[in-house]
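Both complexes below contain subunit A, partnered by subunit B and then by subunit C.
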Partner chain A sequence: MTTTVDAVDSPDRPDPGRTGTGRAAGWSSRLGSLGLSAAAIAAAFVLGGILLALAGANPFQAYADMLSGTFGSRFDFSLVLVETAPLLLIGLGLAVAFRARVWNIGAEGQLLMGALAGGAFAIYAPINSRAVMIPAACLVGAAAGGAWGWVVGFLRARWSVNEVISSLLLNYVALRTLEYTIRKPLRDPVGFQPVSETLPDPARLPDVPGLRVHIGLLIGLGLIPVVAYVMRRTPFGFHTRMMGLNRDATEAAGVRTGRLITAVMVVSGAFAGMAGILQVMGPESRLTGNISPGFGFTAIIVALVARMRPVGVLLAAMLIGALTLGGDVIQRTQQVPRVLTIVIQALFVLLILVADRLGRRSR
Partner chain B sequence: MNWAAVFGAAAIIPLLNASIRLAVPTGLAAVGESLCQRAGVLNLSLEGMMLSGAYAAFLATHYSGQPWLGVAAGVGGGMFIGMLMALFSVTLKTEQVINGIALVLLASGLTSFLHVRLFGVTAPERFDPMGKLEIPLLGAIPGVGSVVFDQSPLVYLAVVLIIGVWWTLHRTRFGLAVRAAGDRPGAADAAGISVDRVRAAAILASGAMAGLGGAVLVVGQLGLFAQNVTAGRGWVAIALVIFGRWSPLRVAAGAFLFGFTDALQLRIQSASGGIESDIPFEFFQALPYLVTIVVVVVATARARDDAQPESLGVPYIKGARSS
Partner chain C sequence: MTSIEPDPPAQSRGSGGSGSVPLVAMRGIAKRFGSVTAVADADFDLHAGEIHALLGENGAGKTTLMNLLYGLERPDDGSIEIDGEPVQFRSAHDAIEAGIGMVHQHFQLVPRLTVAENVILGTGEGRRVRLPDLDEVAAAIEDLGERYGLSVSAASLVGDLSVGEQQRVEILRALYRGARILILDEPTATLSPVEIDHLIERLQGMAAAGTAIVMITHHLDEVMTAADRITVLRAGANVATVPADETSPLELARLMVGREVSMLSEVGEVEQAGATATSTSAGPAVLTIEHLSSASASGTSGEHARDFFDLSLEVRASEIVTIAGVEGNGQAELEAVLCGLGQPAAGRISLDQTDVTGATPRQLLDAGVGVIPSDRYRRGLIRGLSVAENLVYDRIDRAPYGRRLWIDPRAVASRGADLVGRFSIAVRSPSTDASTLSGGNAQKVVLARALGTDLRLLIAAQPTRGLDVGAIEFVWNQIRAQRDAGVAVLLITTDLNEVTALSDRCFVIYRGRLIETPLDREAIGMAMGGAGSRAEEAAVL
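Let's turn to the complex of A and B:
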């Protein structure tokens, strides 16, 4: 069965016009939705341009600045990739969860817990070999993020507690836990700021050869085909997609959906947790209160814009990574607040929803 | 730690008074959300509605100096996001969870953008929050008077509105239509009720109440706006709807519990010596969110009946097979 679990919005009843049964139908509808996404993204930039003009900037100049400040040089492009790395990793995990229609919006907290546990491990574990330390810390981070996600999945499976609410509220708990840990037990005793001491050398991520971006990016890239394979070819992936289409039917077919929801939450939490420890071992080099400028929330947009497709997540993560960096650029050159890019990101999702609806009507 | 400062006889009346005050913004949003969910719409844009209302209220009060104009603007700000929510959830019939989350982001981005654009990095001057209005005679009742009848006029307005929502939902034709649209939209449609129109109206009402909640926060309590000033109150409000089993008065009671936790944690924080305390103050900051999670779990686990509206979150498409 190659039913395409399609589109950002799939109401409970799958639309017979869109769920092609053959491979060819799947591909043509996928190309169609790619076109719709591109049109929606273009429209979001147009609306963003209007806001730029209202804010007193020249939109054409601002977008030109954005482009040259992100893809204009190898150095700037490296910065885009540094921004892309966590979004890619978290977005992949969220793509799995959203495909199952499990709405994990707690990736921010899962990232922070991964960063905290992985960071503490990297500071205290007496390991002198980089080849041991980095994978071990990654595993600790992924385990902590997965555990934080497990709580949400458990509450959902055991008592049907809405995962949107519990995952979001746990973000605040995670942030306060991190803040406390770096203010007291893990605080660098000689520093003035509430930050941990710098990680020991074996826990510092090397750069990708030729680029100024840490190897965390390669981990994300390597996981794209893994996620694609699992979702496409394994029972877990099949059940996950099926549950996204119709949870009751999946339950009736003998799948224990409660267990599957928990598994999906653990997986997406683990991806976010690993992204967290990679930020600590990479760009940040220590635990601070602002390890994440909201990667966990931005990655929601990434997964949705990508329509929960692994390769799409890479493209969307680069687009939104570049947009975020571009926001810094135009704040410098055009004196436009960088939060404008958040508005544009929200417009991406809203306009893709509109485009899908119009596309469905015209078919 | 000086426990008398927290629970002593002299402290308990101000504590309960503060609980009511702190409960109102979240409570208004939560009761509006319960109406919206009873109509079958899972409105996750609530945090965005509150934020938009808070900012509209701030701007209007800042420029006009009239707090009541700010309150009205807050209602409008919430309804603005409500209109977008209705456009997507009702007209376009998209996945409600997704457009809800996207609208929160949109409101957060737009308010932050405007705020930085208008005021730069220097915070604008704080204005005085609306004063208290002690109700004559009732305010003189020992104990109860000082707790309930010595509040900002916005608190009394909120109480009237919350009772109004309960009354509308359970005692009017419109309320019946709302409940029908949320439980059996197909049957409601067959009975001649326009499900789309009822749901859109419920979303707008929820926007108005959440916007008012945001306005109360800014005009009645803080006297200032900061980026994402609502700090998750909209999400807590959605949790309170679940806690209150979709019944407006029980939801309002949940909001009081939340307000009490908030007031208590502020009190304990100051009584325990803040940053020097043995108990980390971050624990108290996280407490309202933790308590919310716990009460939702307990309420869901102990519920005997399934109070959740049957068609919650399912777009109603006329003519499509309905369950």
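Let's turn to the complex of A and C:
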């Protein structure tokens, strides 16, 4: 995993598009790298079409079905947005981490811990006002996710424990912790399933007016410019980019990289944790063992396809959200297994890596 | 296993002189890498049964010449003959077939395999479906080890062995493959003094048994004890080949640094005279280093060549103090400690009488310490950020560039434009990506960032490495200007020209220890080669 991810952002291919003040020089190459992503995505769809044909479907019809089944109606589009919301939030946090070359593979666990802590808070806190409850639960979720990320950052900064391994393994710890909690302390006393009781009303997210999607999406959208600003215009963002480009020089310049790594892990964990509690307060309405169908892992693809750019994260999250739903659609209409769309997602990443290599060679 | 050729008559040591057909004859060898000429018209002879030392400064072309013999590189010009037959090696494999073995400075061993496994690795024996019988290999290795006094347990894991033992494994591997010509690149660089003595003894034993040995080194003392003949390379060409018993460390040092440059050294001395005048006007001590060590153990074996021990020196305002030395003698570790990137094991560093031992890079920056790091691309430049950002990145969270929560891009840009102008950095615009900079301009960025503010102390490590003449002159002038403006300058360099061009006082670091030397090329050259005790002798001469 490390080598794969490394290839996306290896230091020998500096990208002036990242430079805050180097804007004039940055635009052309930013377009170039967008073009690269677009070409890789297109190629992935072509290869995916071949796979669809091999599976016995008409690829053109399949893609048409996907398109109409996801963007065809306001209802379907709402479903896409429901998928997009957690991917967007987690992807933003991972974009920050990956930009620093801190490879957080533990967003899934951070999401679950955010869901667990935020969910427990929402169930037990005697708050009757939605306007207080929702932000408070979000903060609790973000804090829990951030704390889960902090463990990884601390281990890396203190004892150089590889964050890929520790963050990955902590996913399982988080999942089992959640499963235990909903079987014992938080189990719905009147139900038979291992799930918590339903969240009280003040902790239920309202929908975005006119769409059937919870307001968590708006939180994600609102954070896009915030992340973009922080990365470009604050010392924290600057140091994060510096560290991602050249850690030794960053250290020599007096930045305490151990602390910075920890901070970056806390930030990306907090985004995932907030995504977790929003899933609980939104679509799920209670704590269950399968709050997340792997959002934390899919968001890695989102951040990489977006090339760690905040606006790109939104587009990539929508694309992959649509693709996931599209899988369900073609399973119905074309009788092909929905996992084919997961293959296409994987092809995105593979082809972007290839395109990245080719782009580098042509320079 | 070792094929000791019966025909070359030179069986006794030191007889590798004229007459017999040399085992290896390299004639008119040239090798260029791009625009850099690494080897230019070099000749080299090697006879069976001799230890032939290849001596020269960093970058003199020693390793390149031997890489050509070992088939790792192909010469652009010239011929190589083995036993009088012309050869053209396409790879190291061909060279091994011809009986040549090379032990690189950085060992090429797999720590998690046993000695026996490492020895057969890459011989082709393992390439077949069936692995060779490791017991047989082990027996052969232990047999060889016994014969040459290089005993090492064939069953032990390489990772468990000491550096000296690992080197034995490398030598045994070459012998196991039938090497009758053994090339050792800086074999003593990482060894303790006891291990060095042991190695030299073994090599002499092997030579007596007919093996021809090439030893690449900077160390004059070792050359004098170990070698039968010595070839001195300078700037890619051989300047002389002399029998060891007809030369002296002083002559070798002179050959290494060059006669024509001793005129240069006079120029240096003229400058030095001027410099001495300045240095008498040098102010109070700015940097004081007392008994600084990177490792607690000292003196005896177990001492690692990269560590430094018990260093004390003082750098006053308005003077340039130089630490000269061949790379790998502890200066990189010293640089790291002085820049706040490493902790010393013992000793004290003070700046203006204030203890700054263990201070962070940030604290040093705030105290007025500027750093030009030896590896500019690793520690001094961030490719992917703009030139302007590179010029301020160490103070981006300070006014006027930024506060805690925001950065002012206009302040960054105007500072960038200002420094680009002041240091004449050739770049289209300050917002250009720093990865587009040439080496000289990259170094100017590093320089501009460090020197763009008022300093108390400048630590300049290898400030002109890899730069062209024009850029070197620029860097030197900037460093002199700092000195003249009252800054204390500590210069760490491997380049003798730089030492004589800039120093007010000079120390040589050799195997982690400092020796104060007079500002004389030969004395410095000798001390860099480890003949420190004879430095005063040289000064008298």
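Please note the rule applied: the second predicted complex is superposed on the first by the 343 of 363 C-alpha atoms of A that agree within 3 Å, B and C clash if a C-alpha of one lies under 4 Å from a C-alpha of the other, contacts with A are read in each partner's own complex, and residues count from 1 in each chain.
FYI, a contact is a pair of C-beta atoms (placed from the backbone, for glycine too) under 8 Å apart; a residue touches a chain by one contact, two chains touch by 3 or more.
Quantities reported herein were computed from a predicted structural model and do not represent experimental measurements.
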Subunit A residues in contact: does subunit B have more, or subunit C? B
Please indicate which partner A:Met242 is in contact with in the superposed arrangement: first for subunit B, second for subunit C, both, or neither. second
Touching A:Leu81, do we find subunit B (first), subunit C (second), both, or neither? neither
Let me test your reading of the model: by the given contact rule, A:Ala122 touches which partner, first (subunit B), second (subunit C), both or neither? neither
Quick check on the superposed pair: does A:Ile291 touch subunit B, subunit C, both, or neither? Answer first, second, both or neither. neither
Of the partners subunit B and subunit C, which touch A:Leu168 in the superposed model: first, second, both, neither? first
If you stack the two complexes on chain A, which partner ends up touching A:Leu353: first (subunit B), second (subunit C), both, or neither? first
Looking at A:Leu304, would you say it contacts subunit B, subunit C, both, or neither? Reply first, second, both or neither. first
Does subunit B (first) or subunit C (second) touch A:Ala252, or do both, or does neither? second
For subunit A, which residues lie in the overlap of the subunit B contacts and the subunit C contacts? 11
Could you please specify the touching residues of subunit B with respect to subunit A in the complex? 44, 84, 88, 92-95, 97-99, 101-103, 105-106, 108-110, 112-113, 116-117, 227, 232, 235-236, 238-239, 242, 280, 282-283, 285-286, 289-290, 292-293, 296-297, 300-301, 314-315, 317, 320-321
Inside the complex, what are the residues of subunit A that reach subunit B? 8-13, 51, 55, 103, 105, 155, 158-162, 164-166, 168-170, 172-173, 176-177, 179-180, 183-184, 297, 300-301, 304, 336-337, 339-347, 349-350, 353-354, 356-357
Touching subunit C in the complex, subunit A uses residues 11, 14-16, 18-25, 232-235, 238-239, 241-242, 245-246, 248-256
Along subunit C, where are the residues that touch subunit A in the complex? 339-341, 360-362, 364-365, 371, 373, 378-386, 388-389, 393-394, 396-397, 402-407, 409, 412-413, 416, 429, 431-435
